[in-house]
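Right, one structure below, let's go through it.
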Amino acid sequence: MPTFDRRTVDERATVVVIEGELDIGSADALRSALDAAAAEGTAVVRLEAAGVHFLDSSALGVILAAGQRLAERGSRLELANATPAVRRILEMTLITRTVHVIP
Amino acid sequence: MSDSDRLSVTLSSAPGNLPLVRHAIRGFLDASDVADPPAGEVLLAVTEACANVVQHAYVGDPEPGAIELEAELSGNRLVISVRDHGHGFAPRLDSPGAGLGLPVIASLTDRLEIRPTPGSGTEIMMAFALNEAA
Amino acid sequence: MSDSDRLSVTLSSAPGNLPLVRHAIRGFLDASDVADPPAGEVLLAVTEACANVVQHAYVGDPEPGAIELEAELSGNRLVISVRDHGHGFAPRLDSPGAGLGLPVIASLTDRLEIRPTPGSGTEIMMAFALNEAA
Amino acid sequence: MPTFDRRTVDERATVVVIEGELDIGSADALRSALDAAAAEGTAVVRLEAAGVHFLDSSALGVILAAGQRLAERGSRLELANATPAVRRILEMTLITRTVHVIP
């Protein structure tokens, strides 16, 4: 099971540090973690993804939905330090329009 | 005298088994010196195919069914098949997914084949041409 | 000496051409005495494959591209392929469709194959086993 | 192009008589016809489908969406006299949960 360590930093970003592999077995946990992060009400929700070594289309769907909801209220979802495994599916699906990918 | 490597794994169609699927395929690809890329692409395609078995093949059944995974590498051609003995391929208006699985698989493979499993269920065959990386 | 019937049609990838596709396939199936079912299933699968070319293959291009349709009937085996020279198979989060096309095709065919067209684009091969109806 | 002949009958059903083949080339016309029928506000919207000799997944999606919208306001969508071509895709997708198919 992946772990989702959440904290609020000064710049009003909620940072979610994700470790593990994201697939349909962890999609519910991911959804809850993103909902809880969005509920902090900060301008930015940033996923620290350096520890994500696998991400499938169901996790992508969860991230996309969260990004859309944040965008609707004027916040934004950032994805930082994406590994090659994460970049692969992001680029394939051009999700970069909704989610801000930070090198 | 084996110029072809094979892997054959049968697992129960539970979501918690997808990491095991990747573990088995990673081990097989490592043992055969397949680089990344394309190893990551292979893992993604196989996970999507197995996730479809978990989510769709045995829908309505009280117990999970089987996922039969086979991989064969000969020369630079890798063929992985994922077989289930479920209710057969059918469109679902109530799919819990976003409909990205098959398109992701099709875009990662050099050939995707879908056909009924003799008896019942679905077999998905994915072929990858490994263009010798580093 | 032809124990195999063939049809080959190239059309522009405009939505208005889908009735023409069905007209051509209907004519081919009629001439070969294929009953309904399964003729209706074949028409549906071919329409879905061609609709995908219209909606996805050439997305972003200023002009529609080509849909190349080929049908071959030998014995009780009907194989229809739909080929485009578009940008290749890719998942689309902004798809205008409901994601039912590929699942509908897969459930109607005895074998569905998706692979890149040499050069560029996608080829979808659909096989139907015609179990002599009335 | 299919034609969509609409009228209101005594039993407060709006009947839409559809003639033709429904695919992505006619999906917009179908959507407009169903929207206009729903706007009549009757308890029933009935599609007379004896003249529909082809229906693809995009038309099915349009019909399903209309059926859901009608159900939400307490109305219902009926599909009458479906041809084999129409039944085939309805049954394949079990759409009969939202749309009332009348023999």
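Labels for the chains are A, B, C and D, by order of writing; each one numbers its residues from 1.
The rule is short, and it goes like this: a residue touches a chain if its C-beta (ideal position, glycine included) is under 8 Å from a C-beta of that chain, and two chains touch if they have at least 3 such contacts.
Treat the numbers as computed from the prediction; the structure is a model and nothing was measured.
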Practice prompt. Provide the labels of all chains in contact with chain C and in contact with chain D.
Written response: B
Fill in: Pair exhibiting more inter-chain C-beta contacts, A-C or A-B
A-B
Worksheet, complete the sentence: For the pair chain A and chain D, the C-alpha centroid-to-centroid distance in angstrom is 40
Worksheet item: Roughly how far is chain A from chain B, going centre to centre by Cα mean, in whole Å?
Response: 26
Worksheet item: By residue number and range, which residues of chain A touch two or more other chains?
Response: 57, 64, 92-93
Fill in: Sites on chain C at which at least two other chains make contact
90-93, 100, 104, 107
Practice prompt. Have a look at which chains touch which and call the overall pattern line, ring, star, complete or other.
Written response: other
Worksheet item: Which of the chains touch, listed as pairs?
Response: A-B, A-C, B-C, B-D, C-D
Item to complete: In the complex, go through chain A and note every residue touching chain B.
Response: 21, 23-25, 54, 56-58, 60-61, 64, 84-85, 88-89, 92-93
Worksheet item: Where on chain D is chain B touching in the complex?
Response: 57, 64, 92-95
Discussion item. Per the contact definition, I'd like the list of chain C residues that touch chain D in the complex.
Written reply: 15-16, 18-19, 22, 36-37, 40-41, 43-44, 47-48, 51, 54-55, 97-98, 100-101, 104, 107-108
Worksheet item: Which bits of chain C are touching chain A when the two form their complex?
Response: 90-93
Worksheet entry | Residues on chain B engaged by chain C in the complex (per definition of touch) | 88-93, 95, 98-100, 102-104, 106-107, 109-116, 122
